[in-house]
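The structure that follows is given in the form of C-alpha cells.
When the chains are written out, they are named A, B and C in that same order, and each has its own residue count from 1.
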Amino acid sequence: MTVTNAGAAQLLAAVREQTPLVQCITNSVVTNFTANVLLASGAAPAMTDIVGEAGLFAGIASGVLINLGTPTPEQREASREAVAGAAEAGTPWVLDPVAVGALPVRTELARELVAAGPTAIRGNASEIMALAGAGAGGRGVESSDEVDAAVEAAVALAQQSGAVVAVSGPKDFITDGQNAVWVDGGSELLTKVTGGGCALGALIAAFLGARGEASALEAVAATHAFYSLVAERAAAKAHGPGTFAVALIDELSSVTPDDLAAVTSISATTTSEN
Amino acid sequence: MTVTNAGAAQLLAAVREQTPLVQCITNSVVTNFTANVLLASGAAPAMTDIVGEAGLFAGIASGVLINLGTPTPEQREASREAVAGAAEAGTPWVLDPVAVGALPVRTELARELVAAGPTAIRGNASEIMALAGAGAGGRGVESSDEVDAAVEAAVALAQQSGAVVAVSGPKDFITDGQNAVWVDGGSELLTKVTGGGCALGALIAAFLGARGEASALEAVAATHAFYSLVAERAAAKAHGPGTFAVALIDELSSVTPDDLAAVTSISATTTSEN
Amino acid sequence: MTVTNAGAAQLLAAVREQTPLVQCITNSVVTNFTANVLLASGAAPAMTDIVGEAGLFAGIASGVLINLGTPTPEQREASREAVAGAAEAGTPWVLDPVAVGALPVRTELARELVAAGPTAIRGNASEIMALAGAGAGGRGVESSDEVDAAVEAAVALAQQSGAVVAVSGPKDFITDGQNAVWVDGGSELLTKVTGGGCALGALIAAFLGARGEASALEAVAATHAFYSLVAERAAAKAHGPGTFAVALIDELSSVTPDDLAAVTSISATTTSEN
C-alpha cells in the first residue's frame, strides 16, 4: 500500500462531497471548537452524548469520536452505548484517550474501549505509550515523551487492537501494525490552543466515514496531512494563539484537494518488524 | 397587526436600555458562543441549569431559553423546574427542539415542554415539522427540509401550542397561528458556525423579555431581523467561518436601532387559513 | 510587604519558566476560554473535574481553581475531592463563588469551601459581600455593587478565612486582611466577554503555583496587574467584543515581564484596621 498526498487529496474531496455526519462524545472544553472544525472542513457535527440516544445515533452517523477528556458518568455509559451501536452498524469510530495513564477512571475505560475494537486510536506519545502498557506513561494531560519513543508502542498497540494508531507531535507517526507513515508540517501553535488534538480526532472520524474503498491507514494519514497543511497556513496569518485559532477555522474551509496534493508531507516508512 | 422594521428597531432599543437577564439551559457545544451573543447584543446571560436553582432563577430572569441539544438528566429535570418557575412568574420562555424527531429522549421531552406552553418555539424546518407531527421529520441535527415545506406545520404548531413558531432558513417564517411574516437577509455562513441557530433562540428570549406592550410575534420577528442584518454585515468582513464568528460578535454590538430601521427585511404575509 | 509591578514581572517570568499545571473545576460556559487563557499565558490547563480523579489530580497540579458557575452534582462532589487532595498535598487553590448569594445550591457549597481554607477567593463586589455575610448580596450573576462598597467585606472575609480576597471592578481591590493593594487599568470590554473574570481565577491559580517565596497577596496582585495590562492592549486592537476576545489571547502570549515592570498599575494601601 502506498499512502500519498495525492490519495489524501482524493479523501478530502470525498469529505467535501459527502458531508459525513460525525457523532462526538467529547470533553466539555473542546465541544465548540471541535464542532466548528468539522463544519469548516465540510463535515457535519452532532454531539449526541446522552444515554438512550448515543447508541441509536452511532447507527446513523458516518463516524464516531470517543474522547476521554472529561468523562462524566453519563458520558462513560453513553460511550459504551455508542461503541455497541457503531459495531452493530459497522460505523467507524475513533478513540482519543486523553491523559490516560495518570488518571484511573479514564484509564480503565480506555482499556475497555480498546478491547471493543476502535477503527483508529489517536493521542500524544505519552498517551499511546501508557495505553500500550509501555512503561509508566505520562502524568497529566501534556506529553512528556517524544514521538520517536512511542513508535514501538504504537506498532504494538496497533497489532494488539487492530486499530490504526496515530501519534501526534512535531512529526506524526501513523501505523496499522504492518505499514507506517510519517506526516510532517503543522505548527507549534497547535499546542497553544486547547482542543488542537481533540478536534483532529473528530476530523479523523469524518475522513474514516467518507473513505469508501481506501484503507483506514490512508484515511488517518490523509486527515493528519490536511490538518498539518491547514495549521501551517493559519500560522502564517497569526499574531498569536488567538488569531491562530480563528485562522485555522478559515483555512479548514479554504484549503482545497489541489492544495493538499501539491505538498509532500506524507512519507512511507516500515514498522520495526518489516 | 403590522410587523415592521421600524417596530423591530424600537425593540432593539429596548433590549439595549433594559439589559434583559436571560437564563439559558442549553447544550454544552454552544454555551460560550450563546453567552457572548447575548452580552454583545446588550443582554445579560446566566446559564443557571442545575436542579435546585433553575426554577428559582426563572422567576428572576427576564426570559428563559430551553435548548435540547445535549439534554443530560440534570438538564432535563432543571428544564422542568425552569418551566414551572417561568409559568408562576410570567417569564416568557423559548423552546429550541434541537434534532427532535430523530432522537427519542429529547423528542419525548420536547412534546412535554410544548404542552407546558412556551412563548416561542424556534427551529429548522425538519424540527418544526417533526414537532408538529407532520410526517417523519428529519434525521440528525441538520434540516433535510425547506422552509416552504414547513409553513403549514408551523401554523398548525402555533395554533396547537399557543406559541409563536419560527422556522429558520434562507428566509425565515414566523407565525402566531393567525398572522405571519417572512424575514429575509442573513448569511449562509451562519450554517457553518456551530450555535448560529442556538444563539438566536437565546436572543429571542432577550427580545421577549424586553418587549413591553409589543406582541410576541413582533418580538420574535424583530430578533430574526436584527440577527439577519448582523450576519450580513459580518459576512462582508469575513474570510471564512472563523473570522465570520468573530465579526458576528462585533456586529451584534455595533448595529444600531437606526441601522435596523433602515432596511426592509420583514414582510407580512397571511397564514394559509386567512 | 511592598507589592510592586517589578515583583509582578518576576512572577510572570516564573509562570513562563515553570509552566504551572492548573486544574480547573469550572463552569461549562468558560472551559474553552479558560484553557486558552492559561495556555497563552504560559501555563498548562487540565479540566479534571470528575469524581475519582479530581482529588488525585489536585495532588499533581501546581494550582487548582474551583469556580461555581454551573455546579452540577458531579462537580460539587469533585470539588470536595479536589479541596481535600489540595490540602493534603499543599497545592494552592482559588475559589470563584460565581453568583453566590442569589442561588441556594452554590451558596451553601461556597460557604463550605470557604471553611476549607482556599488560598485565594476572587469575585465581583456583590459576590464578595454576599460571601462575607454583608447584607443581602447581589441577585443574578452580575455585580450590582461597586468595588468601594465591598472593601470592608473583603477585609473581613480575608480575616475570617485566611484567604487573599480579590474584588474585580474598574479598579481591583486585593487584601490578605492586613495588607491591601489596588490595581488599575484593564478594559470595560472584559465585562462584554463571557468568562473574563472566570479565566482570571484560573490565572491566579497559575501564579500561586509558580510563586516560590513570594506571598499569596503578591501573586494575586501580579495576576490582576498582568491581566489588566493585557486587556488594555487588546482593547486598543479591538473593533468590538469579538475581536477583543481574540486579541486578549494573543496579548496574553506576547506581553513580557519587562512590559509589566514598565507600568505602575499596583498601588499599596492599608486596610481600614491599620
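Definition applied: contacts are C-beta pairs under 8 Å (C-beta built on N, C-alpha and C of every residue); 3 or more make two chains touch, one makes a residue touch a chain.
As the structure is a prediction and not an experimental result, all values here were calculated from the model.
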| item | value |
| --- | --- |
| Chain B onto chain C, rotation angle from CA fit, given as a multiple of 5 degrees | 120 |
| Self-contact between copies chain A and chain C, residue sets same or different by half | different |
| Whole-Å gap between the CA centroids of chain A and chain C | 34 |
| Shared-contact residues (touching 2 or more other chains) in chain B | 28, 31-32, 245-246 |
| Partner chain B, residues of chain C touching it in the complex | 27-30, 32-33, 69-73, 99, 102-106, 139-142, 191-195, 239-243, 245-246 |
| Of chain C, residues touching chain A in the complex | 21, 28, 31-32, 35-36, 39-40, 44-50, 52-53, 56-57, 60, 74, 245-254 |
